[in-house]
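Below, subunit A partners subunit B and then partners subunit C, in two separate complexes.
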Partner chain A sequence: MADVPEESKSGNNMTDDQLTAADFQRVDLDSLATEKIDTPKYSYWGSVAKTFFSNKVTIAMLAILIVMLGMSFIQPLFSGYSLTDVGKINDLAARYQWPSAKYWFGTDADGKSLFDAIWAGARTSISIGVISTVIVTVIGVVVGAIWGVSKKIDRVMLEVYNVITNIPVLLIVIVMSYTLGNGFWNLVFAMTVTSWLGTAYSIRVYVMMYRDREYNTASRTLGTPTLRIVTRNILPYLTSVIVTQVSLSLPSFISYEVFLSFVGVGLSQNTPSLGRLINQYQTFMTSYPYLFWFPVIALALITISLYIVGQNLADASDPRTHM
Partner chain B sequence: MKKYLFFRVLRSIVSIFLVTTIAYIMVFSMVPRRDIFKQDPMIQKLANDPDSLTDYKENAYRKMNYIDYFDTKSLIAKVEAEHPDAKVTTAHTAANAKLFKEWANDNGYKLNRYSVSKNYYVTRELPLLERLGRFYGNLIQIDTPWAIHDKSNPKLARYLRIENDKTVGWAVVGSGTRYRYQIYFNGSFPFIHQNIIKFNLGTSYPTFAGNAVTDVIGGRQGQTVSTKYKFPNGQVMNTADNVYTRQYQSPSRRNQMSYERYEDDYTNVDQVNQDPSMIGTSVRAGFWALILSYVIGIPIALGMARLKGKWFDRLFTGVVTVLMAVPGLALIYTFRYVLSVAGAPDSFPTKGASAFSSWVGPTVVLALLSVSGIVIWFRRYMVDQQQSDYVKFAKSKGLTDREIYRKHIFKNASIPVVQGIPSNIIGLISGAMMTETVFAMPGMGKMLPDSIIAHNNSVVIALVFIFTTIGVFSVLLGDVLMSIVDPRIQLAVSGDEQNG
Partner chain C sequence: MLANGSEVETVLSIRDLAVTYGSGKSALTAVEHVNFDIHKGETFSLVGESGSGKSTIAKAVLGINPTSSGSINFEGTKINGKLPQKLRHSIDRKIQMIFQDPAASLNERATVDYIISEGLYNYHLFDSEEDRENKVRKMMEEVGLLPEQLYRYPHEFSGGQRQRIGIARALIMQPDLVVADEPISALDMSIRAQVLNLLKKFQQEAGITYLFIAHDLSVVRYISDRIAVIRRGRIVEVAETEELFTHPIHPYTQALLSAVPVPDPKLAQHKKLIVYDPKIHHYENDKPSLVEILPGHFVYCNKEEEAKYRSELAAVAN
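Moving on to the complex of A and B:
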C-alpha cells in the first residue's frame, strides 16, 4: 500500500515524456509460463554432492581413497609383479633391504620389492570386496523389494533368514570356500552366497515401512501397479539405506578375504593378496617390522577410507540432511 | 509361553539339523576325498609298500565313512559266515575267486586286488544318504547295561546300582555298560557328572588320527597330572588315570596291571591332563571377553551420550569408526603388539594355559573386537532415551542429571544390554577364529582353520555343528532373557506376528 503514492508521484514528474501506444507491445498469454511455479532449482544429486563435499574429513578420506585405488589398479600394470617370479632369489644382497629411495617399502626374502607386492595384493583384495559388494547389493535390493511386498515370500524368507543369521558369517564363508576349492571366483561365490540375505532383510523392513504410507495408498488407489510403486515410489527413498549397507559390506568383505588368505584357504597359490602378505611376514614382526606393518597400514587405509567415505555418502544421500 | 518355547526349541533344533546336514553334504561331496592324505606323513612312509598303502588309504576312507572296506582276512570271515561249508583261503584259486565274486555281487561290494600280493579285498561306496544316516544314527549314544556284547566274556554281569565305591565314593555303578560310573560326584564344576548320554561326532583323521572327535574337541589337553586315589584292591597311589571314565575293555586286550588294580573289566581309562579342552579354552576366553567388552563399552557409550557433541564424544566416534573399519586381523596384530610391549606374552603356548598372563592377550583382544558394536548400539540407545518424555519430565521436576541417569535411564538400559548378547556371542565366534589363530591358542576357533587346512572333515562338521548350536541357542536365550527383563515384550505374540 505504501508504494502507491510513490508511484503516482514519479508519474507526475515524468509528465514531459508522454507514453504512447508504441511503447507497449502485446504479449500473448503463455499458458506454459503461468503453470510454472518459481522455486529455486533443486537437484537431488546436486544437493547430495553439496552436503558430501562440505565435510573436510570426507574430502581428505576421498583423496586417500582415490590415491589407494589408483595405485592398486595402475601400479601393478607397470611393476609386473608376480608371485611366481623368482629372478632375484639367489641374489643375497637384494634380500631384506630396508626401505630406501630405490625400494620405497624395502624388499622381501626373495629380493622382490614390497611396494610392488602391496599394490598387487591390494588390487586383489579391493577387487574381491567391490565385486562381492556389487553382487550382494544387487541381489539384496531386488530380493528385498520383492520380499517386502509379497506375504507368501515373506513367510519362507523369514524362516531362511532366521536360520542363516544364527550362524557366524565367517563360519559360512570359511566352510564354503573350503568345499568349493581355491580360486578368485570361488571365493567371491563363497562370500556372497548367503551375505545378500542381510541386505535383503534391511531393504525388506524399509519397503514394508513405506509401502503402507498414505502416498502409496493413494498411488495404489489410482491404479499404479505394485512394481511401479516399489521401483518409483519406494526404492528412491532407500538410497541412503543402500549406501550404508555398501559402506559396511565393502570393508567386511575385504576383511574376510584377508583372514581367509591368512589361513590359507580361498585364493589360489599364485594370487597375491594383502592377507597372504600379512600371513607371510607376521614372523618378521620384530626382525624386519617394515615387511609386516606396511601391508597392515595399507590395508587399514583402504578400509578406513572406504568406510568413512561410504558412511558420509550415506549421510549426504539422506534427503533429511538437505534442509 | 510354554507352548511358544517348545516350538521355538523345536525350530532351533531343526535349523541346527539343516545347517549341519548342508555342511555335511557339501564337505563330503565337494571336497576331493584324496585331499585328506595331503598332510599325512604316513603316506610317505608307506610309499615303498603299495599293499600297505592301499590298506591304509582304504582304512582311512572307511574311518571317514566314505566307503565300507574289508581286507582279505575280514573278507574271508564274511564269506565263511555265509557259506559255512565252503573252505575259503587266501590262495588265488578259481574256487576262492568265485566265492569272493559271488559274495561281492550279492552284497553290492566291488572286488579289488592288492597290486603286489594280488590278494582280494572289497570296497563299497556309501551313498551320501547312508552316510548321513550313520552320522545322525550314531550322534547320541545312550549307555545301558546291555550295551556291551563280548563273546570272549559271556559271564559279564548286567546291572545298575547305587554304591559307595572305594575309588570315587557314592556313584551309580554299572556293569555291562560302556562306562563303569554312570553318575558320579566330584569337586570339579558342575559337581554332578554323567556318562550315560554321550555325543559321537565321528572319528578324527588325519590330525588326531583315530581319536573320537568329541575327545579331540572336548577332552582335556596338555601334560598329564597325577592324583592320589584308593583303588578297589585297597592300594593307595598316585595315578594319571581318570578313574571316573573307566570303560569296558575286552579280557583279550586286557592290561594285567590295570586289571589287578581295578579288579573288574573296566580297565580302559583316559588320562587326566592339566589344560582345559578346546571347547573349554574357547568358552573360558569367550565368557570373560563378553563381560570385559561390556565393562569397557558401556562406560564409554555412557560418557559419549552424556557429552554428546563434545570432544570426548568426537574422539571415541573416531576410535569406534577405526575399530569398525579396520579388518579384524590387522586389529588383532596391532593389539597384540601393544599388549606384548606392555608385557603380556604374544603367544599362548609360551607360558601355557596354567599361567594367567597367557589368557590376558587373547581375552582382551577378543573383547576389544566387539567393543565397537556395543558402543555404537548403546550410545544410540542412550541418546534416544535422553529425548524421551519421561526424561524431559524428570528434568522439568528439577532432578539432577545424575539422578536421572541413575534412577531412570539406567534401569531401562538393561534392555539393550540383554538384546545385544546373542549377536555378541555370534560375533565372538568369528572373533575367536582369528584371535585364537593369531595367538596359537588351542581352542575351537583355531581348530576350525587348522582342520580345514589338514582336511580333517569330521572335525570340520563337528565344529560347524557346535558353532551353529551355540549361535542358535544364544539367540533363543537372548529372546527369553529379553522377555524376563522387559515384561512388555511377549514372545508368543511377537512370534505369531512374525509368522503372520
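Moving on to the complex of A and C:
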C-alpha cells in the first residue's frame, strides 16, 4: 500500500517533462546493418590455446613437463652416460654415495651418477611412449575412419576386433618379446601391434555417430566424395577425442615400458630405462632409499604432467568449452 | 508454365515410385504408387502431415534413399537404381537440396567460404582461385549476406542467415531442380517471408524448378504453382494451387484445408471443421488409381468414387 503514492508520484514526474515529437528522431531500418555480426572472429586453434592457457595448474604442469623433457633429451648428450661403462665398479669409495653437491642424486652400485642414469633412462622411456603413441594414433585414426564409413569393412573388422581384444595385451607383449627378442624397436612393435585396434574402434564409433548427420547428407548432395566428407566434415569434430586418446596412451605406454622392464622383458641389456632403474634398486628401498625413490619420482612427474597437460588440452580442444 | 501458354517441358517425372525401408519382416513401405510430373520453372509442392512420406520422396529424388520400384526420370534420364558413377556425379550437380534445419545441415567446423565453395570444388566450376572467390562473394551478396562474413563459422549466424548460406551453397551449383525440404519450418515467423521471397527471386532470374515440401498450407499457397497432397505414402490429389484451394475433391484434402487457421475470430467461429475418416473408402474389390477428373486435376479414387466426384462436379457446374 505504501508503494502506491510513490508510483503516482513518479507518474506525475513523467507528465511534468512531457515528451514531444521533437524529442524523437526518425531512424530508417538499415537492412544491411542487421546483417552485421557482433561477435569477434572465431578461430578454432586460437580458442583452444586461450582455454588451455587460462588454467594455472596446466601452466605449472606444462612447465614441469618441459623441464623433464628438456633434461631427458639434452642432459644425456653432455653426461656421456653409458649403462655398459663399468670403469668405477671396483672403486668402492665411489659406490653408494648419498646425494651431495657433486652427485646431486648420489651414485649407484657401479659408482656412476644416478642423476645421469635417470635422464638417460627417462629419454628411452619417453621415446618409447611417444613413438608408440604416434604409431597407434596414426594407424588407429586412419583405420577407424575407413572402418566407420564402410559397412563391408565394418563386418570384417568387428570380428577381428572381437577376437584380438579378447587376448590380454600383456600376454601378447610378453610372447612377442620372447619370440622377437629384446630391444627398443621390438618392444615398440610388440606394444603397438594390437593396441591400435582400441583407438581404431573408438574412432569408428565416433565416425558412425557423425556419419549420418544432416550436414554430411548435404555434402553428399553437393557431390563431395566420401574421403573428403571424412577429412573435412567428420575428423575435425574428433580432434578432442583424438587428443584425449593421445593424452591417455602416452603415459600408459611409458608405464607399460616401465612395468615390462621391471619384470625383465622388453629392452635389451645395454639400454637404460626408468623401469630398469626401479627394478634394479627396489631392494635398496631401506638401505639406500634415494636409489629407488629418485627414479620413481622422475617417472611420476613425467606421467602425471603428461596426463594433466593432455587432459586439459583435450578439454580445451572441445569447442563447447570455448566461451 | 501452363498459365503463359508456352509449351510444357517436364523436368522430373515420377512413375509408380515405391520406397521401402528395411527388408524381410521389418520392411516398411514408406511411399507407394507415387506419380507426378514437375514442369520446368514451376514450383511443385508436396503437402501432407508428418510421416506421410514427403521427405522420403525428396530423398529418393536426390538419390539418398534407394527406391524399391518405379522410375524417376530427370530431364529424360532414369536416375533411380544403379547408375554409372559419372552419370550420378553429373546429375548430383543438377539436383540440389535446401534442408529443413539450418543448424544441423551446415558443417560447424568449416567457414562459410568453404561451405559455399564445397560444390564448386567437387565439380571444378571455377577457372582460378580468384574466380572461385568472386563467385562466392557474388552469391553471398545475392542471398543478402555480407562478403566480409566469408571467413566466419555457421554458429555465428542467425537462423535466417544460416538458411541463406544453405540456399547459397545449393544455388551456386546452377542446378535445374532444387528440392526444398521444409526450408522455412525451422525459421522464425518474421524471416520466413524473407527466405521465401529469396527462393522466388532465384526462380524468376535463373528459371529454377522447385520441388517444395511443406506442411504449412498458407506458405504452400503463396509459393506453389501446383500442389500434390500426400497421405500415408500415397498421393491423393494433384492440382494447380488455386484449383486445389477452391475445389478440393478428395475428402482428405478437404479435411486438410478446413484445418487451416483463419486469422479472424468471427469467421473462425463459424468455420466448419471436416474430419477425414479413411473408412469411407471401399477399396477391397474396386482398386483405386490416380484419375484425371478435370484437366490437370488428379484425384486418387476408384471407379465408384470417380463417378460420385464427377456427378458432384456436374452439380456444382450447373
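Please note the rule applied: the second predicted complex is superposed on the first by the 284 of 323 C-alpha atoms of A that agree within 3 Å, B and C clash if a C-alpha of one lies under 4 Å from a C-alpha of the other, contacts with A are read in each partner's own complex, and residues count from 1 in each chain.
In the analysis below, contacts are C-beta pairs under 8 Å (C-beta built on N, C-alpha and C of every residue); 3 or more make two chains touch, one makes a residue touch a chain.
Since we're looking at a predicted model, the values are computed, not measured.
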Chain touching more of subunit A, residue-wise (subunit B, subunit C): B
Which of subunit B and subunit C A:L222 touches, first, second, both or neither: second
Which superposed partner A:A63 touches (first subunit B, second subunit C, both, neither): neither
Touching partner for A:M209 - first (subunit B), second (subunit C), both, neither: neither
First, second, both or neither for A:V138, with subunit B first and subunit C second: neither
Which of subunit B and subunit C A:P236 touches, first, second, both or neither: second
Touched partner set for A:V156, first subunit B, second subunit C, both or neither: neither
Touched partner set for A:K36, first subunit B, second subunit C, both or neither: second
Contact footprint of subunit A on subunit C as seen in their complex: 62, 64, 89, 92-93, 95-97, 99, 101, 104-110, 114, 118-119, 122-123, 144-146, 149, 151-153, 155-157, 161, 166, 169-170, 173
Residues of subunit A touching subunit B in the complex: 155, 158, 162-163, 165-171, 174-176, 178-181, 251, 254-255, 258-259, 262-265, 275, 278, 282, 285, 292, 296, 299-300, 303-304, 306-308, 311
In the complex, subunit A residues that touch subunit C: 31-32, 35-37, 39, 41-42, 44, 213-215, 217-225, 228, 232-233, 236-237, 319
Touching residues (chain side subunit B, partner subunit A) in the complex: 11, 15, 18-19, 23, 26-27, 30-31, 321-322, 324-330, 333-334, 337, 426-427, 429-430, 433-434, 437-438, 448-449, 452-453, 460, 464, 467-468, 471-472, 475, 498-499
